[in-house]
Amino acid sequence: MFEQILDAALFDSATRAMIPILLAALGGMICERAGVFQIALEGIMLAGAFAAVAGSYLAISWTLGVVFGIAAGMLISLALAYGTVTRRGDPIVLGIALNLLAMGLTGFLLPQLFDVRGVFQHPRIDGLDRIAIPVLSDIPWVGPVLFDNTILTYVALLLVPGLWVLLFRTAIGLRLRGVGERPLAAETLGVSPTVYKYGAVLASGALAGLAGAQLSLGNVVQFAENMSSGRGWVAVVAVMLGRAHPVGVLAAAALFALAEALGFRFQGNGLPVQITDALPFVVTLLALIIARKRFARLLDLTTAA
Amino acid sequence: MTFELELRGITKRYPGVLANDAVDLAVRPAEIHAIVGENGAGKTTLMSLLYGLFPPDEGDIFIRGERVEFSSALDAIAAGLGMVHQSFKLFPTLSVAENVVFRQEPRRRGLIDRVAAVARVRDLADRYGLAVDPEAAVEDLPVGVLQRVEILKALYRDAQVLILDEPTAVLTPQERDQLFEVIRRLRDAGRTVIFITHKLGEVMAISDRVTVLRNGRAVADLVTAETDPAEITLHMTGRAVDLDRRAPEHQPDQAVLEVENLTVLGGHGRAVVKDAGFQVRSGEIVGIAGVAGNGQSELIEALCGLTEADTGAVMLSGRDITTADVAGRRAAGLAYIPEDRYGVGTIRRASVSENLLIGHHREETVQRRGWFDRGAVARLTRRLVEVFDIKTGSVSGPVSTLSGGNLQKVVVAREMEHRTPLLIAEQPTRGLDIGAIEFVHSQLIRYRDQGGAVLMVSAELSEILALSTRILVMFEGSIVATLDPRTVDEPEVGLYMTGAHLEAAVA
Amino acid sequence: MLERVLNGVGDMSRRAVRSPVTFSLLFAFALAAAIVAVTGGDPLAAGGEMFTGAVTGSGLRNTLGRSVPIIGMALAVSIAFRSGIINLGGEGQMVIGGLAGTIVAIYVPGPGYVIVPLAMLAGAVVGAVWGLLPAYGQTWLRLPILITSLLLNYVARAITGYLVRFQLLDDAVTLTSTRQVPETARMPKMPIFGGVSLSLILVIVLVALLWMVYTRSVAGYESQMTGFNMRSARYGGIDVEQRTVQVMVVAGAIGGLIGTHLIIGEALRFIDGELVLAGFAWTGLLVSLLAVNRPIPIFITGMFFSALQIGGLAMQRNAGVSWRLSQVLQAVVIVAVACRLAIRRGERPSTEVSDAESAAVGEV
Amino acid sequence: GGDDEEAAPEGPSLIYVTPNPIGVNKFLELGQVGTQRVAEELGGTWKTFESTNDSDRRANIEAAIDEAPDIVVLTTFTLVELADELSKATPDQKFILIDACPDEPAANLHCGVFREHEGAYLLGIMAGRLSEAKEIGSVVALDIPFLHRWSDSFALGAQSIDPSINDTQVFIGGDNPFSDPARAKEQALAVAARGADHIFAVGAGSNGGIFEAAVQEGFLSYGVDVNQCPEAPGHIVDNNMKLVDVLVEQLAKQVLDGTAGPVVAFGLAEGGTGVMALESDEALADSQCVIADHPDIVAEVRDARDAIVNGDIVVPDPLFG
């Protein structure tokens, strides 16, 4: 039974499930560090997925698709940034409303632009190719799982150390964290919280847009209504579980994705779908309980409504 | 002559308040310039305008003779100003060095050069005698050190003019003396210091000149050497105030609060209060003196039920309240004026009346079976506002618009109204002006004279000496001395506070 | 110019015109009209259909009917939000409470006047228990309710799905569904506007009750103070933990009530996954936030959103404009209100320091 | 949308009400096609009221009844309760309900149901012949009895060829089972990783993901409702087709004539369900389906169809079996 469950394809599947979540969660992490509560990831991802497919279809090029995905993500996050930073609106209200907006707009535009309902699949849509990295991809087990993937997979994985350096070793990162912790203190030193918060929210939009592009051009090559299907919410949880640390976020996303991929496998072995569906969420809850000592600060953040 | 800094006709209006009214201020190079005034006189506002935090409605600012217009603090920093705010503007989770170099980080290959940052901060600290560990996380540091970090921040930015807003409010005499040392050293190095305070003794001790604000206007510009506290007070208040009042004799009665072997563990598992034991009797004020960060706050929080004690027993009026929660302790007869009136004592987003109700809201007089008697609530708040002369537009308006002094009155009024056997007062007059201090002191004494027991924590040694029947000194979590205020003076208490008696004993 | 025109009007109407809500509505409708026009539709016709579809004939009944879950879920969420608890678990509480109520309605025999209240009670109790889990998670384990309540939604869905699939399945039908609620155990309809569920009265009673509680009770005061500043509340002798638990129990109970109503009053069968489709928990959440957690504004806003949704359907039916546009419209209204956009230019929201900020910076 | 403006007033009027957005389901789209065809053939008018959730459905059906068209066309089981209740409440309004029927339908309610399991069984025969691994599977949107008509019957057909064939069924689930191609793709890959080389895609809007998995892993797949072979030529063997449009059309005309009975069942015999292999040779050749390359299996499938039609083979209905 176990050889049927634990094989390279499982980790392959987990990696694919992880990447969109990871990309979006890294975006959420940047926002969290800048002191903006980002729960529009679900909607941004959906808009990114839609725009990526649209762009790829129009230009028959995944590059443009990815650019479109990023642009759409940034556009929505611009609304979030304006609302929360400039107008000091409630980020929770805005986030949920923008999720709704993305759902409505993509659903509205799909038939308007492509004359199809529900699902848009077309040979013109240029998907992200798998790029096998020479040598590395030949490593048994790890190679095919990690080093034979789409470009956005590599981007996501490289962003983990990249964002770590950015946050903890560069001036920008120091200022960003400062802004997130004490905006007034940063302001008195001439670091504009507005600029940094805008930057963080836009960056999260770009990343969640990329997450959408990976979903609709990488994981599959098509768009389906509401295809983000809760992955953005999972990313929100991953930011918290990973305590807004790049490595923590990676671990949280990986844990969730692995539990999901395992769930698919267990289903094949006869476990009811109702149980395997809940598996990743239960595993996340358990992880929260195990790691609970670390959440005292988080609790303060999330209960100051 | 060219002034280092000159303000002309500065006016700033808030809705309904003229915070600064055509204020002129001239500060000479390499002088220590004190600014004094009652609460709400407009000191903080004036400094904020000077520092570019917001623009004045009218008036001009000149630096070394040149007219400047600051659109942000950044411009002020670039013009050589540095400000240590009344409430510190530090990043708790960042290190001292990171706080200091923030936005002017030394870099190497695009990354922050952390070694250089630490080295520079250490260098600077050594030069001006500011003892700090550049690598410590700010959230772990006591206030006195935080202030040094703030000063380092300004110096790191090469501030020619350093503005200190009520810097001594949180310091012990020793720390204050160290600060004065630093300030003099800065002046001798050619820098200018603007120093806001409510304490005239400090004005006399450190400043070269003093400007007095009253109701938003600059009413006097004096040379310190040519004036005296009485004159300054007259300018500030328009009347004479007698501060030098000793507590009248009074005979304490039986014990109200009994604390035995109380130990409190801090976040890191270290004991922050060690084996504390003492009594407070009715009709007495027990003052706790200590350098901030030596366990006074933790002791008080444990007594009030805000944190849990690890071991020990607490009795209130003969009842064991060791395991009771806040509500239980309040019901057993305790009222508490907390040190942090913004974060704990009041609720910013609630109205004045809602704030006055905190802790009274379950009393039979204002509610019945969970439903408020709205008339009774209104009567209660109206009475408190009147008796304590709280200056507020409307009791249903937000409490956040009150000045610091009036905010403190809300807390004092509310807690005294409980008429409990025990009143715990933590830093009851911090940051208040002379008039307000006088008022709070008289209230504490009235409370005592009516047979109440008062446990008071204060960083203000003069206050402790003036009011206390007995003084407990805390050092590193332990009560190291019980002193009689009639037989000690400030320097002596200060010695105990810094643990010097221990060193003496060893030697 | 605008100023002079406005000066003629009374102060009340001037304020109404300048209010961010008015502007947000105008803005959202204008945007929607522009979208309709750009995509080749007739904005006026679409708007007309939307309006008449929401307030006439069966549309009015449906607007009133749908307002029940929207307002109900908004009230549930308002209770939590007022105390500073971000409860995103309304959906789970609704679903699992709804199934409990359904089970009682289907399997407990008895006359309607006993079974209907009993089913509602069962829904409320189980919803409350589901609300308790994240509450205890926060008070015992220090896990933020925000995350746990969200995650528990999925667990609730899985549990109900499993029960319906393997325990309660009606094998006479082709979906994963329970049996139909027997005629006697259904929520009665009132003979007004062609049959509006009795639950509307329940919701109105809840609005009145919560208004009383919020404005004049000790519990309401304590919750609000806790929501404003937890540290001060604790200092004032309020048992914040106990309040958290109570609040989540009440919020969960209302969620369970609404879930039960949706089955025994509307769908009549618990079909796996159907209860979450309409997103009432989310709509309710937005309504509550827009209404700043106050019961009477919640009632009005809830009715409005219900009308928007029902009117959106009519617009799609009769003007050929996708219902998706009504979704866009709702979202834009909320975004605009959340941004507090107002007609008066240059007006900025206050830059008051938040409690958290002042508490943390404080006067250390 | 409709075209009531230009329609001749004497033709019939029809309103088609769906329980879900049409997009996610080809089946719902076919219902609309059928409705439209009837209206246009007879010079009448038609409209579609698209619902998204439970409470929209009632609003839409009631709005349809308010307009009093000649026929209200409803689809899927989801609407069976409402159809029952509202047809009894408005005896003058005629209804068609596709895919389900209440126990005792009112006289004004006419049902049309399919025997989808028959077509799925034929697909199973193809898989039984073609599978080399002797491992097959289905990726199904939801674990609901209705969809087991597809998956269970597919397995049964394959096992009728070789009883040793092993079957795995997985369900897409999640937030959005009918429209989550990414999740469906992973599920299909998980089944393929177990060794399955023939996987039935019963995921409606999620099917695209399963076909992508087929292309990527090289297994063969099967589509539903319409000919989906062109979505992944060379990787889709055949489809379990459901001629909803034909059923709606026939039933509507009968209702208008007054000849409709309470229930019509559409299976292989009536030509209401089927697979591409049963189509004309030209249509099959153009279908881009893999089965077109296997004339021997096509012949076998056609024989099986005949056997089912004349009762030699009885395909049990997983719903009521």
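The first chain written gets the first letter, and so on, giving A, B, C and D; residue counts start at 1 in each chain.
What we mean here is this: a residue touches a chain if its C-beta (ideal position, glycine included) is under 8 Å from a C-beta of that chain, and two chains touch if they have at least 3 such contacts.
Since this is a predicted model, take the numbers as computed values, not measurements.
Student: Go through the assembly and pull out the chains touching subunit B as well as subunit C.
Tutor: In this structure, the chains that contact subunit C and also subunit B are A.
Student: Of all the other chains, whose mean CA position lies farthest from subunit A?
Tutor: B
Student: For the interfaces A-C and C-D, which has the higher count of C-beta pairs in contact?
Tutor: Looking at A-C and C-D side by side, A-C shows more C-beta contacts.
Student: Taking the mean of the C-alpha atoms as each chain's centre, how many Å separate subunit A from subunit C?
Tutor: For subunit A versus subunit C, the centre distance works out to 28 Å.
Student: Provide the C-alpha centroid distance between subunit B and subunit D, rounded to the nearest whole angstrom.
Tutor: 76
Student: Nearest whole angstrom, what separates the Cα centre of subunit C from the Cα centre of subunit D?
Tutor: 36
Student: Let me have the rounded angstrom distance from the C-alpha centre of subunit A over to the C-alpha centre of subunit B, please.
Tutor: For subunit A versus subunit B, the centre distance works out to 45 Å.
Student: Touching at least two other chains at once: which residues of subunit D meet that condition?
Tutor: In subunit D, residues 142-143 touch at least two other chains, as defined above.
Student: In subunit A, what residues contact two or more other chains?
Tutor: 107, 111, 182, 184-185, 272-274, 277
Student: Do you know which subunit C residues sit against two or more other chains?
Tutor: 165, 355, 360-361, in rising order.
Student: Please list, in label order, each pair of chains that touches.
Tutor: The list of touching pairs comes to A-B, A-C, A-D, B-C, C-D.
Student: Can you tell me which positions in subunit D touch subunit C when the two form their complex?
Tutor: Subunit D residues touching subunit C: 1-2, 47, 49-56, 58-60, 62-63, 66, 77-78, 80-81, 99-100, 103, 142-146, 177, 319.
Student: Would you pull the subunit C residues touching subunit B in the complex into a rising list?
Tutor: So the residues of subunit C in touch with subunit B come to 216-219, 221-222, 224-225, 228-229, 231-239, 352, 355, 358-364.
Student: Spell out the residues on subunit A that touch subunit D in their complex, using ranges where they run on.
Tutor: Touching subunit D from subunit A are residues 4, 7, 9-10, 12-13, 16-17, 20, 107, 110-111, 116-119, 121, 215, 219-222, 224-227, 229-230, 260-261, 264-265, 267-268, 272-274, 276-277.
Student: Residues of subunit A touching subunit C in their complex?
Tutor: Against subunit C, subunit A makes touches at 79, 82-83, 87-90, 92-94, 96-98, 100-101, 103-105, 107-108, 111-112, 182-185, 233, 236-237, 240-241, 272-275, 277-278, 281-282, 284-285, 288-289, 292, 295-296, 298-300, 302-305.
Student: What residues of subunit B sit close enough to touch subunit C in their complex?
Tutor: Against subunit C, subunit B makes touches at 86-89, 92, 143, 146, 169-170, 304, 306, 325-327, 330-331, 336, 338, 340, 342-350, 354, 357-359, 361-362, 367, 370-372, 374, 400, 430-431.
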